[in-house]
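For reference, the structure discussed in these notes is given below.
The letters A, B, C, D and E name the chains in turn, as written, and every chain counts its residues from 1.
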Amino acid sequence: MSLLSLSSPGWGGVLLMGLLMSLQVAIGGYLLGLLIGIGGAAGKLWGGPILRDLLEVYTTVVRGVPELVLILILYYAGTDAVNQLMQLLGLPAVDISGLTAGIFVIGVVQGAYSTEVLRGAILAVPPGQLEAARAYGMSPLLSLRRITFPAMLPYAIPGLSNLWLIATKDTALLAVVGFAELTLVTRQAAGTTKAFLTFFLAAGALYLMVTLVSNLIIGIIEKRARRGFARPEGAA
Amino acid sequence: MDKVDRQINADGEGNMTDKAQAIEVRDLYKRFGPLEVLKGVSLSASQGDVIALIGGSGSGKSTFLRCINMLELPTAGSVTIHGETIEMKQDGHGGLMPANRRQIQRIRTKLGMVFQSFNLWQHMTVLQNVIEVPVHVLGQPKDQAIAVAETLLRRVGLYEKRDAYPAFLSGGQQQRAAIARALAIQPLVMLFDEPTSALDPELVGEVLSVIGDLARENRTMILVTHEMKFARQVASHVIYLHGGVIEEQGPPEAIFENPQSERLKKFISSIH
Amino acid sequence: QEVKVGVDSGPYPPFSSPDASGKWVGWEIEIMDALCAEAKLKCVLTPLAFDGLIPALTSKKIDAIMSSMSITDERKKMIDFSDKYYNTPTAVIGPKGVKFEPTAEGLKGKIIGVQVSTIHAEYAQKYFGKAVSEIKEYQTQDEANADLAAGRLDAIQADLITLDAFLKTDAGKACCELKGNVKDDPAILGSGVGVGLRKEDTAMKDKFNAAIKAIRTNGTYDTISKKYFDFNIYGK
Amino acid sequence: MSEVTAIPAYQAPKARSLFEPHRIFLMVLFAIILLSMAWFMRWDWIPKYQTRLLWGIWETIVMLFSTAIAGFILAVPLGLVQVTGPKPLAWLARGFCTLIRGTPLLLQLWLLYYGLGSLFAQYPEIRQSFLWPYLRQAWPYGFAALTISFAAYEGEVMRGAFAGVPKGELEAAKAYGMGRFTMFRRIWLPRAIQRTLPTLTGETVIQLKSTPLVATVTVVDVYAVISKVRQDTFLTYEPLLLLAAIYLILTGILVFSFRQLEKRIPNRGV
Amino acid sequence: MDKVDRQINADGEGNMTDKAQAIEVRDLYKRFGPLEVLKGVSLSASQGDVIALIGGSGSGKSTFLRCINMLELPTAGSVTIHGETIEMKQDGHGGLMPANRRQIQRIRTKLGMVFQSFNLWQHMTVLQNVIEVPVHVLGQPKDQAIAVAETLLRRVGLYEKRDAYPAFLSGGQQQRAAIARALAIQPLVMLFDEPTSALDPELVGEVLSVIGDLARENRTMILVTHEMKFARQVASHVIYLHGGVIEEQGPPEAIFENPQSERLKKFISSIH
């Protein structure tokens, strides 16, 4: 247990820092993903044929290619490309930080998944409700904000909450670029001290805490979102 | 019946031209896949007119209403609201598509609609449903919108249910909420799709008087209904839709007491 | 001149591992400091995934690798190496109470574990591949050790120092013992561990070679090694 | 009125052609990228690893389908009891989903394999039993961990889907005397699946990309083979690109087949 | 009005007892939270009876129907179908809950229902909707069920739409599909919740004749409707619901021509 104490001989502080880093990337990536997802779902449902095809390529490719490959390509090939461009322009080389790359990659990946979650949820909204919005002259944006979005939330929340939990754990991928997030520091602590069980359980507990807190918040949001929906109760 | 014939049918009424033109629908066609539902329907209404649209189930009444505000894109034809024609262009698959979304949006704010299936927003209470468009589309101050909404809800007898969600209302209550929602935007033209189907006779009377009030305010209404008595009391002009075309039209007395076409005669006789 | 030196972000005690305050410690880290001081280079330690070290080197994210990377012909196709700075023999361990030799006959019909894509994996494939019933490849050495302790392996082949460290832990003491060193094959087992460098970076290679020679002769190397090992780590 | 608009002949709502201009453009672009990759990069290692790669792909596919199917079968009751079950069961299911979704899959796998697995090893009774040859292998643990994980994530999705089926449709089923099971099988489940299909596709693709974790317990899937190639050859991009291509093709097949399922029940446009 | 009084009201009709009892509802109470919708409603019907339930919107007609087949659990009261009383027990919150799910299920197979909001299964075509219960609940062979379904669909004029999904049907077509679905199970007792609200007069006539046929086959019907003329033509007994209780009941002639209570008089007068 002393291994987990917060100050130096113990690794608790390192783990907490790792958690903080993970959360930073996860929140950034998730929000970016949500933005992309909203645009993507709207584009897939209401966009022109070209946009729809492009989005289909995006969601298929990004979901299909393992995140690890994406992050390596972006981090190595991408920085190379950016720096060559900078050189051509006579500018000094930039160093894309692990954090930026991480948020970007996780955001792009999450965007592809949320596009599909949101599309499914929007399709689940009874079409009449959206028709009513249009019939009264709501602009697409307004009806998205006032009607579509709140009406589809109950259908989207489970999928979106899954994505959030996946985001918190996908940060582990950034270990390949040496980004000190929770999974990596856990492995380091465990490997150094050989106290595998202790550290893996500790990390598990930290993740679980994040989940429980998230569940609490999601629960509140979901409760609000489900107002007005008659639940299918017992199968009496 | 050929096209020219229909054309004459549609424009043949003289008594409509003395007031400003509110709606003008020309030669509307609508096809769902292989099924041609509307085969050239025209209609014109002046301000303050109440036009009743009658016809068998599945004859395309709802489709026609929905084409007027472009919820359903017509295959061919044009719609003009208060002098402004909705711009359409070919969509490349033998149909039309809107050329100018903004314009449609603007025109739609002048059109109210009560849907056959109500289409209340399930995530909002009755009151929120009613004030939604006034506040968020028309930009009215919220207090004012609430005041208007409460008056309307009182009128349709739904004041006590203003904070209930639609899923917990009876059929008739939902329909009244839908009517209040459409009235709240005070549209120039109101499209009613069977607005009394779930209402008891007393409430039907109330809706009747609402429609009368609207007409007196010089608003225009198109009303789909299966209740012939109701149509007769309220309409200034009745259109009988059959087989995708206007089979017969005229003032209510003529239609109900002296129908010309065989089809309409049969239809009227079944009211007994 | 600033030199970014890449090390495996996974801990590899006693060579390189982070301590609880996040500082990297170990024999290899001290050697690195000594080399850099000798060559008057300002070295910046950069932890990365082991997989990512060579790509990072070639894409100039780092300038040198010091991460117990053996000098092999395959690797030489991609990068260059300095002279070796240590070399340890390869050994086999197994459960207590079962007697066998670390040879093809001795391992006949057994399940042997190695770390994936190491020189040991290649060696085991070549010399024991026909005799043993299965070669299991593990992502990390710790996992192989755990499986040996759990009875799912009959033997492990790896670097003597790593195995020695495992045998000194409680789990190691309880279950297993050293069975002996395997016959050497320099073609596979390589000629020791060197500093990985870019091929075109010959100036750097010269500096490291000179520095290695210098600390070997001035006694720094031995002083550091004595703190960690009670035998000659440099090898013959 | 003379300008009687001739209405254009009806054109059947054809499936959109593959050969619309922008699609051709995309395909050409793709072909160029592919060709330049083939030309400028090193692929000489493929023959050497060919059989192992094929085995790896097979292993991945088997892992994916077996765990997704088993996981889905578990997910259905997990979602259902959360919506309609007796309170204690609902809490249990909810707790299970939270626990599994809340902790990394790697940790679960690790606990199962190195924790539980080595516990088994300590009991001679188990070591002697006919189960031991299986328990000694890695895939049962990989299978169990992946199945549980899929069940938990998908259980959450199914919960939302079950709750979202319009109440009236269930009432209709009840009113006609459908038994609870018949109602579930004929109405509730199909309706729930129908509206969860896009999300289910995503979850399955995520599952595909979770399968590499089994490599940590020595199951050799395609990802493990590619890792080996990378570590053997020190090529940075080529093996990863091949891996990406393999996963892309698998994803493409998944997405396409799920989309076909989606299309079987037409949806009025939104 | 106290309980005994109501009891007499409900049982006071002599002409119902000469045939076998089909439905017997006693003293039904239903409360939604603070809102008490039904305050002791009793009803009894013999085989072949057609009972029309009329009343204002929100008066609890649908709730009453839904309590008969236990879709809504009554707060108090009992329901007996063909001599079998549905077993209920206290749920510990001041309401009732079913004591025997099997029994309810069995009884429900004898009850057909046409919902006010149709509740067609959206993932099935019209034909699939109609054969679903015969095949999967009653265990009829599929061919036979299809044959029956097609006859029914022809009768309600929906044969051409048998392979369409409900979302693509007009309101009246959906309602007809819902009627066909309920008829296909050939229930002993049929509960109709405003089955003609979306139908044109011709189709109303058709439904009228369907109901007549059912009555001749000695099936029992309870019919909620807002169309008084329809109620009058079809019903053997009319019940007027108001304020959660039966305000008045009797044969159609009595109710419509000679209403006793003030409330009913007002209700009837608004039909004009």
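By definition in this document, contacts are C-beta pairs under 8 Å (C-beta built on N, C-alpha and C of every residue); 3 or more make two chains touch, one makes a residue touch a chain.
The chain list, named the UniProt way, goes like this: A, D = Polar amino acid transport system permease protein; B, E = Polar amino acid transport system ATP-binding protein.
This structure is a prediction, so every number in the text was calculated from the model and none was measured.
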Separation of chain D from chain A in steps, with touching chains one step apart: 1
Check every other chain and keep only those touching both chain B and chain D; list them. A, E
Just list the two chains that share the greatest number of C-beta contact pairs. A-D
By mean C-alpha position, what chain is farthest away from chain B? C
Distance from the CA centroid of chain D to that of chain E, rounded to the nearest Å? 46
When centres are defined as mean Cα positions, the distance from chain C to chain D in whole Å is 38
Hey, how far is the Cα centre of chain C from the one of chain E, in Å? 82
Contacts with 2+ other chains: residues of chain E: 101, 117, 167-168
Two or more other chains touching the same residue: where does that happen in chain C? 51, 55, 59, 146
Enumerate the residues of chain A that touch no fewer than two other chains. 72, 76-77, 126-127, 196, 229-230, 236
In the complex, chain C residues that touch chain A: 9-13, 17-22, 46-49, 51-52, 55-56, 59, 61, 140, 142, 146, 169, 171
Touching chain D in the complex: which residues of chain A? 45, 49-50, 53-54, 57, 59-61, 63-69, 72-73, 76-77, 113, 116-117, 119-120, 122-127, 130, 154-155, 157-159, 161-162, 165-166, 169, 172, 183, 196-197, 200, 203-204, 207-208, 210-212, 215, 226, 229-236
Which positions of chain E touch chain D when the two form their complex? 66, 69, 71, 101, 105-113, 115, 117-123, 132-133, 136-137, 165, 167-168, 181-182, 185
Listed in rising order, the residues of chain A that touch chain B in the complex are 126, 128-129, 131-140, 142, 146-147, 150-151, 153, 225, 227-230
Residues of chain D that touch chain E when the two form their complex: 166, 168-169, 171-180, 182, 186-187, 190-191, 194, 265-268
